[in-house]
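What follows is chain A paired twice: with chain B in the first complex and chain C in the second.
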Partner chain A sequence: MKNAIIIMQRELRSYFTSTIAYTVAAFFLFICGYLFFSVLAATQEASLRYMLHNAAVTMLLIAPALTMRLVAEERRSGTIELLMTAPVTDTQVVIGKYLGSLVFFLSMLVLSLQYPIILMRLGSPEMGPMFTGFLGMFLLGAAFLAIGLVASSLTKNQIVAAIGAFAVMLLLWIVQWAAGPTATGWLPEVLRQLSVLGRFDNFVKGVVDTRDLVFFASLIGFCLFLSVRALAAVKAR
Partner chain B sequence: MSSRIHHTELTRRDQIGIALGWAGLALLVVGLLGLVGNAAVLVTWVKIALGLGIVATGAYLSIRKNAAMAWLSGAKGGANATAFTLILLAILGLLNYVSGRHYKTWDLTKQRLYSLSPQTKEVVKNLKEEVQITGFYSLAGRGASEGYRANDLLRQYKDLSPKVKVEMIDPVANPGKATTKGFTGYGNVIWVECGGRKEQVYTVGEQEVSSAILKVTRPQKKKVYFLFGHGELDIEQYESNGLSDAKAVLEKLNYETSKLILQTVKEVPKDAAVVVIAGPKNGIPANEQAILAKYLENAGKLMLLIDPKTPVPTRLLQPYGIEVGNNVVFDPRLGDGRALVERFEPHNITKDLQIALFPLARSVSPAATPPAGVNVTSLAKTPDLAWADTKVDGPFKRDADDMGGPISLAVVATKEKVTSTPNQTNDTKESTRLVVVGNSSFASNAAFQAMNLSDAAFFLNAVNWLAEEEALVNIPPKTPERNTVTLLPNQARWIALTTILIIPVGVLLFGVGVWWRRR
Partner chain C sequence: MIQVEKLTKYYGEYAAIEDVSFAVEKGEIVGFLGPNAAGKTTTMRILTGFLQPTSGKARVAGYDVVTQSLDARRRTGYLPENVPLYDDMTPRHYLRFAARINGVEGRQVNKRVEEVMEATGVTDHADVLISKLSKGYRQRVGIAQALIHNPDVLVLDEPTVGLDPNQIQEIRQLIKGLAGDHTIILSTHILREVEMLCERVVIIREGHVAAMDTPENLARSRAGAQQVKLVVRGPEREVQAKLAALPGVLRVQTAHSADGVVELEVEGEQKRDVRETLAAAVVSNGWGLQHLSEARVDLERIFREITLEEKGVAA
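And then the complex of A and B:
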């Protein structure tokens, strides 16, 4: 664990000194701010429901941008060799890098707590759905960062990593459209289960469901496992 | 590297470990499959726990760290690793499948918008036959949101019990399927079917669907009679002092309602589940009181609402230890004989009730020493500061002979029926049930339209309790609260400036600063 934390700190340092990370954060806050203000001005409603719904789409762009560098860059520049000869396991590397991206994402979310604070000063919003909305945003981000990490571990090219991650996320985003909301049978049911959007919706509405928690945990766990595998494959070569 | 692993000799310890691992895995799979089929029983959980334990022991015995890492990292051309990936995927799939059957949800919205009420849960849990619910909604175009609302609602029913089967059919996109179900039309209706009976629901709401389930699963309707002919409130009267709303809601709750005119019959009809006497202005003649008294003695269920300044049918009340005062309750905060119930006494009838307003009420209280075998208690009381004024025509002033608050406004009485027939071995004891309230307008249409008071709910709960149908409580419809804020122009400018400009640009400038320094 100690090694993983050292790697996490290294990743965080590189995030906080990289222009790209700041640009991504600024882009995220700009879109969220714009959505927040326009929804508030249009509905005059003390709720983050519509804003979070729309803001979640930005995760499709933000997660690949934050993760594309993680392993791909080290493979391109060759610094991966240093990491491999260091006395750390692949699992520690993967967990450390993942936690690094997660903590950076969390700091972006912390900055977006400005919206609930504004609502609380203007009126009396319902706290429950705002809390679950942010929890949903965090879990969605955590799952997407894990997917991004897999993509980054599979290639030396950051652009390929970003596009690959984006494609997988988009697929998980829209998979329920293929199933339709009401079709019965095992295949539509499975497709619906895979949809991150449906799961995220529950959180935004104000509902926490153990099924959604298990799903996100499984998705993250599986992606981290695949990343470890990918890293091991690089090492074996 | 791979060859080295391959040539490692298996020790005794390894062999035991591997054997244990496979056995445990098999047990685990059997256990998990048990969960998949039905509700979990203890044996299934024991299998799972044992399986996990044995796998862990096996793993501990057989796995040497280096060898395991090499195996996992696919040193042998990735075949092991691929297999392991597939196993992991299968385990996660199974885990999600099981979690889909055994789950828990927390609804954090203030109004519990996405949870079904305890009443519905009670109704659905007690289902004995399978209920098929089919929603016919077009899920494209302008009416789509209604369809999605129906879909969300019906899914919650499906999640409650395996006895509920839910299907959504889009009659526009899939007319063939709708026709095979026997449906023609454009939709926006929910069919609730059970054992050949069918109810159609046109409003997407929990109350409507739950009532429909009750109706199809309970074919016999209980009958509520309203006494008529002595100036009582009328169930066919639509004015604000009528009872048409009460009648409509009772029918929605699967009751039948009818007027009861005692001048023409010798006894209360056999099919009467409850008799309601709602605010008679004129006295009830002695012979009719006798008929009602006899009904009560035979485990009858009666609700009597009696306003101030009207004659009291003493014959019905005395045997049950109920005293109706000849007075008007006066609350100095409200004036004019209006009484406010701020706290109901604990009883099945008053569960979840909050505040009720009785316009013009008289005291109704339990006798100090009720007759033997009678159980009589107060249901609702005024706050301390009210009093019962004996000068019923005013002016209202606290006098020495006035009863001070809290004044009891409603009582409930029960008496077990003594059955003399010895061969009757009934374990469900029949009993007389009586609810008396010192006001009648709390059941009127005016009260049913006052959403923020518990008056109507009090009436319905009392009828349900009298009819021994506690499950059928009224479920108020839920509408999302629109929690609005007023945004002043300068506030709006300030918010726009901060959220869209200052904070994002600030972060961006910070990034530029970092880049500049690193250069």
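And then the complex of A and C:
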């Protein structure tokens, strides 16, 4: 774990000195602020439900932008050779990198906590759904960052990593469309189960379902496993 | 310290190295010599754990590089051909990171970083972004990184490539100073470098070990005889005749003769050093011995011969 933390710290240092990370954070907070203002002005409702529902779309852009560099850049520049010849395991490298992106994302999310605070000063919002809404946002982001990490582990090219991650995320976003609202049978059911958007919406509505938690946890676990395998493949090539 | 047995690495159908075996003793500096794409980097990458061999075994500091990889890596410092630097860090931060992932203890990290920066001469650029550093400084930071955890074994892939003559000189001095405490393998295609630094040479050609010996022995065995240059003040004919009759001397030739001073080229038997016999003979005959030396090892020629032979274009 110590080694993973060391690698995480380096990733964080790299985020906080990179223009991409600041651009992404500014973009996220600007969109959140815009949504917050326009939803509040239109509905006069002390709720973050519509804002969070819409702000989630930004994750499709944010996650690839934050993760594309993680492994791809190290493979391109050759610094991967430093990591893989140091006495650290592939798993520690993957976990360290993942935690780095997760902590940066979390710090962005913490900055967006200003909106619930503003609501609490202006009115009396329901605390439960606001809390679960942010939890949902965190889990969605965490899952997407894990997908982005897999994409970045598979190539030396950051652009390819970003586009690959975006494609997979978008597909998971809309995968239930193929099932339609009423179709029955195992395939439509599987497609509906895969939909990240439906699960995220449950959190925004204030519903914390264990199945949703398990879904996000297994998606993250599976992606980290794939990333470790991808790194090991660099060695065996 | 390093044992390599029948190491083989295939990339698909292509064998990068095949049945490579050699051993390096503790404290030795061994040079890896070979044309580009001969398999030097592949061998080094396997030794440092960056690549898995297809077959064969390699042990570093007593640990198998495949089955005990982490233990082997803990005791190995590695400078890859492409120096692995993070451009968005300063040398100081970079070396701290390198120290920590290589297991240097928390309280020792800063002290160790200062030490290696001092040894490699990067202290005055410690807080400049690595992206702004010149090639020479990047190379030094790379070597500092390889030294950071005071490893038993150092693997340096072309440590002086791309440097100017002054920098090359400095880096060579640095490497020379490291010998003894560390066991060093370095690859290069600069022959002078091997002669200056290495006690032994492994010549690799097309993925095979083509020759392995000290630079001097290599030259001698290839030439088939010891070459000695001699300058004697004395009568030319007599000198030549007397020396040619000495045991172990195969051939004596006058290269130049003027004013009673003869310059001779002597070939001696490969297995015995004839220099002392020659000196004794000259002195006991009452001639003046002005100069005696073994002819400089012409590694360049040897290298060309070894790496080109069997291709029908031997030099």
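Of note:
Convention: the second predicted complex is superposed on the first by the 237 of 237 C-alpha atoms of A that agree within 3 Å, B and C clash if a C-alpha of one lies under 4 Å from a C-alpha of the other, contacts with A are read in each partner's own complex, and residues count from 1 in each chain.
In this section, contacts are C-beta pairs under 8 Å (C-beta built on N, C-alpha and C of every residue); 3 or more make two chains touch, one makes a residue touch a chain.
What you see is a predicted model; the values in this text were computed from it and never measured.
Partners chain B and chain C, brought together by superposition on chain A, fit side by side with no clash.
Residue contacts after overlaying the shared chain place A:A236 against chain B and chain C alike. When the two complexes are overlaid, the chain among chain B and chain C that reaches more residues of chain A is B. Applying the stated contact rule after C-alpha superposition, one finds that A:T17 touches each of chain B and chain C. In the superposed model, A:W177 makes contact with neither chain B nor chain C. Judged by the touch definition given at the top, the superposed model places A:S47 against chain B, while chain C stays out of reach. In the superposed model, A:E81 lies in contact with chain C only, and not with chain B. Looking at the shared chain after the overlay, A:T89 reaches both chain B and chain C. Touch criterion met: A:I6 reaches chain C, while chain B stays clear of it.
The superposition-derived angle at chain A (between chain B and chain C) is 150°, Cα centres, a multiple of 10. When the two complexes are laid on top of each other via chain A, the two nearest Cα atoms from chain B and chain C are 5 angstrom apart.
Residues 17-18, 89, 235-236 of chain A contact both chain B in one complex and chain C in the other. Listing the residues of chain C that touch chain A in their complex gives 11, 45, 48-52, 70-71, 73-74, 76, 78, 80, 82-89, 93, 97-98, 100-103, 145. Chain contact summary for the complex, chain B toward chain A: residues 1, 69, 72-75, 78, 81, 85, 88-89, 92, 95-96, 99-100, 103-110, 113-114, 139, 148, 151, 167-170, 481-487, 491-492, 495-496, 498-501, 503-505, 507-508, 510-512, 514-515, 518.
Considering their complex, residues 3, 6-7, 10, 13-14, 17-18, 77-89, 235-237 of chain A touch chain C. Across the interface of their complex, chain B is touched by residues 16-19, 21-23, 25-27, 29-30, 32-34, 36-37, 40-41, 44-47, 89-90, 111, 114-115, 118-119, 122-126, 128-129, 131-132, 180-182, 184, 193, 205-211, 214-215, 218, 221-222, 225-226, 228-229, 232-233, 235-236 of chain A.
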